[in-house]
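As written, the chain order gives the labels A, B and C, with residue 1 at the start of each chain.
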Amino acid sequence: MTVEAAPTPHRIFERSDFMVFGLCAVAVGAAAVTRYANVPSVVAFIVAGAAVACLASLVGRSVEQLGDRFGAGATGVLQGALGNLPELFIGFFALKAGLVSVVQSAIIGSILSNILLVLGLAFVAGGLKHGTQTFNSERARTTMVLMVLATGALVLPSLASYVHTPAEPHEKALSIFVAIILLVVFALSLPASLKRSASTASGAGAAAHTEPPRWPIWLAVALLAVASGCAALVSDWFVYALEPAIEALGISQAFAGLVIVAIAGNAIENVIGIKLAWKNQSDYALSVIINSPLQIALVLAPALVLLSLLTATTLTLVFAPMLIMAVAITVIAVAFIVFDGESTWLEGACLVALYAIIGAVFWWG
Amino acid sequence: MTVEAAPTPHRIFERSDFMVFGLCAVAVGAAAVTRYANVPSVVAFIVAGAAVACLASLVGRSVEQLGDRFGAGATGVLQGALGNLPELFIGFFALKAGLVSVVQSAIIGSILSNILLVLGLAFVAGGLKHGTQTFNSERARTTMVLMVLATGALVLPSLASYVHTPAEPHEKALSIFVAIILLVVFALSLPASLKRSASTASGAGAAAHTEPPRWPIWLAVALLAVASGCAALVSDWFVYALEPAIEALGISQAFAGLVIVAIAGNAIENVIGIKLAWKNQSDYALSVIINSPLQIALVLAPALVLLSLLTATTLTLVFAPMLIMAVAITVIAVAFIVFDGESTWLEGACLVALYAIIGAVFWWG
Amino acid sequence: MTVEAAPTPHRIFERSDFMVFGLCAVAVGAAAVTRYANVPSVVAFIVAGAAVACLASLVGRSVEQLGDRFGAGATGVLQGALGNLPELFIGFFALKAGLVSVVQSAIIGSILSNILLVLGLAFVAGGLKHGTQTFNSERARTTMVLMVLATGALVLPSLASYVHTPAEPHEKALSIFVAIILLVVFALSLPASLKRSASTASGAGAAAHTEPPRWPIWLAVALLAVASGCAALVSDWFVYALEPAIEALGISQAFAGLVIVAIAGNAIENVIGIKLAWKNQSDYALSVIINSPLQIALVLAPALVLLSLLTATTLTLVFAPMLIMAVAITVIAVAFIVFDGESTWLEGACLVALYAIIGAVFWWG
């Protein structure tokens, strides 16, 4: 959200802060009303979704202000750890409500919506404005390699289950093992991210990060705590409205998770990525867009598997086969795009088309 | 066919034109005789196949003469739209004859024969003559990226059917949706192809295209109309002889479509691609060879799905699983070869070997 | 083993030779004792495994001394032909003992342990010592392309069997056909390897190969014969101890083949590859590490299929589905890593993590 130049960096709050505070207050208020008033479930669902997106933006802003205190590097790490917080809350409450199918398709859907819909729209926006865009940074290719490896690890328990290996009855143990390994890989990646972010901050595309922190540290922590608390509360309402809304809309649980929950949970990152492409910061845009699904594979999915041990519902990494095939096709295709080093609006249109087709496959309940 | 230097560019017809006219006349005549005379079905089948290939060459030549009128760019677009015309006729008549399995394996077989057999032979020819060949054009990589994305979209309805998603009973609706999306992507790609071809025409490998059109416009249109009409007629005879020939040869429908129909329908493009590699125009050869399967995925397959609505037979995009796996392996392997930017005759031999193995898998009926 | 500088190149034997001779003698002796004495099967198994690894090292050393006679190029070819000799013996005796499942998982396991465990450890070792390492040689990319193609060919009979194509009942004929094709491709690749090795030998990373042969030719041949004979003998003991050891350890046949046999059979190459990465010869390390699985796919697997015709047990190329999926994920992921041209210790850690997860999938019997 701070990609626009700050006009008055010496004040504690700038105009955009007040806008976010106001939006959050209004949205949370509206979500509270629709939660307990007798409104149609679809309305409650949309309002709660909008409130989650607003709070996600406030969490992101607080993390940025807090992170700048310890150097630009820490921002990246904190964003990695906290950026998917709303998705984590939604996933946890959905698990408590027993909506395993929604959670699983939301995990895969978050990956797909990032690297098909958002990357596709970013390519279209950037390509229409600036023609062929190049992104040759080694960083994007390394992120993509990690994404391929993480996806490979993530799909193995599912594959083991489909072909009825002797590991099939142990899918819970296997899922926990994979989850722990993925979290260890994420922990190992933190020092590199720290260093990488720090060096990027002084680089070309990072002018956006150079403004000094405006908020005192206590304020950033307090706002982070408040925003996270509200996000938890509103996520609960969102999930509460989810099931009746699905029924009212007549869509499948898988489609709801794959498309609706995934887009709501990632709304803010998405807008930022497309904006950056539009501004021809294609390297930076790509980096933001493909970093998010990597964190979903390395942190969000494993964390939800481990958190599910606290609920009555068990979440394993055995996904519906169609989800696995969709993510496999997507990751391979996007890996070639990233390795190509160039993007056109036509490639973007193809990515969006692939997203539309995958959505259509899950349309029928 | 105009890759050879034209000795006398001011005459309307050159010697190679007369050769093509003569060949077409003889082949169509022979096909007509074998169609209605009492000859063995295999003979009728081979003669009709040869006539289709000759007419495909005449269609290509007319398109070239016509396209040059509107600039070199239009040639590419017209070739894209009309180059697969014979395959389209064969596919349509085969659908009318209820040979769904042949049509489906011919679609996949056309893709495979282009990027395994023809690309392999081009690599072997070029590699043995010139050693390691390089092809670093961004254009080849972009075409390959589109190919990966189009293949991904093309296989999704099949995958959805295999794993019995709720979309399975809706495979016809899903296929039509995917077909329309693919045709939209093709329509979107036309402006870029136009511009790309135009700029390529002044580039290095395009000296072959610089000769001025020799035929008056009415002649090019007339010949295109005649050639297309004959192609439609002969395609019908080809399909008529197909089924008894399959039985006489004792091969499976899948093998007939995958290997025989696919090679017959693409014979002309194939020879051109291999010739170009032999002349060390490896970039141009690669471009010709991988552009054809892209058009099959983006135009031919969707067009046949929509055309099948006019016939009693329904063609969906739910292919036999082995076809899908063969095309998935092939596209991924060839994508790495294209991204490698270098080819050796050994890589070519491996591509041909992979084609032979895939053929062997389908050998048994 | 000659990567360390030879202190006294004029003597016939240097100190490391005597160490290898001594180790071999001790290990073979110990293996003989444990074979016929009444020791626990696990002990006999470990001792025989160690003896196989020692003999593999002696075979490698003899091949090097012999190959240098005909120029450095021949070394590469001979290593290709003889380097996997111990695996070949183990595979043959395991087939004679009817342990098809062990042999099949050992073939796939040898590929996986090379390009996941060893490449991963090499990346970790090299990355921790030298930071990001680059390997931009065309040779590595070409090897990887051949690996993708060979893997594609290798998995086709399995896929044909899973989806019940009409080729399913002919899996033996199809496997033999694929095996012959793969061996032909290997034979075709020999001239290129010869030339390539020769030119590499005068290149940067090949200083290690420049020492002149120390052993007279008769000695190299004799030692090669003795080492091979012993390797055959000890491989038999290894397999003899394998089955009771599996039972005593309570692990599955698949896990034993995939992890234990695979690591024992490739122990020596593995250590060399990691050592080279540690010395920052990353191009050379990568080349050694990914060349080994290519030879397994092109030579070892087909040779075992043809050799199985001599035994009562039939080995086909129809592997357990989980093995095929593990190798497919691995080869695609590693292909992207090789095409990336850079490695970090984090990528190495991810490769090891993926290996651990695949191992875990096969853990349960």
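Convention: a contact is a pair of C-beta atoms (placed from the backbone, for glycine too) under 8 Å apart; a residue touches a chain by one contact, two chains touch by 3 or more.
By chain, with names taken from UniProt: A, B, C = Ca(2+)/H(+) antiporter.
Quick caveat, the model's predicted, so the values are computed rather than measured.
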Self-contact between copies subunit A (Ca(2+)/H(+) antiporter) and subunit B (Ca(2+)/H(+) antiporter), residue sets same or different by half: different
Superposition rotation for subunit A (Ca(2+)/H(+) antiporter) onto subunit C (Ca(2+)/H(+) antiporter), Cα-based, multiple of 5°: 120
Distance from the mean Cα position of subunit B (Ca(2+)/H(+) antiporter) to that of subunit A (Ca(2+)/H(+) antiporter), given in whole angstrom: 41
Touching two or more other chains - residues of subunit A (Ca(2+)/H(+) antiporter): 332, 339
In the complex, subunit B (Ca(2+)/H(+) antiporter) residues that touch subunit C (Ca(2+)/H(+) antiporter): 252, 320-322, 325-326, 329-330, 332-333, 336-337, 339-340, 342, 344, 346-347, 349-351, 353-354, 356-358, 360-365
Residues on subunit A (Ca(2+)/H(+) antiporter) engaged by subunit C (Ca(2+)/H(+) antiporter) in the complex (per definition of touch): 138, 141-142, 144-146, 148-150, 152-153, 155-157, 159-160, 163, 165-167, 169-170, 174, 177-178, 181-182, 184-185, 188-189, 192, 332, 335, 339
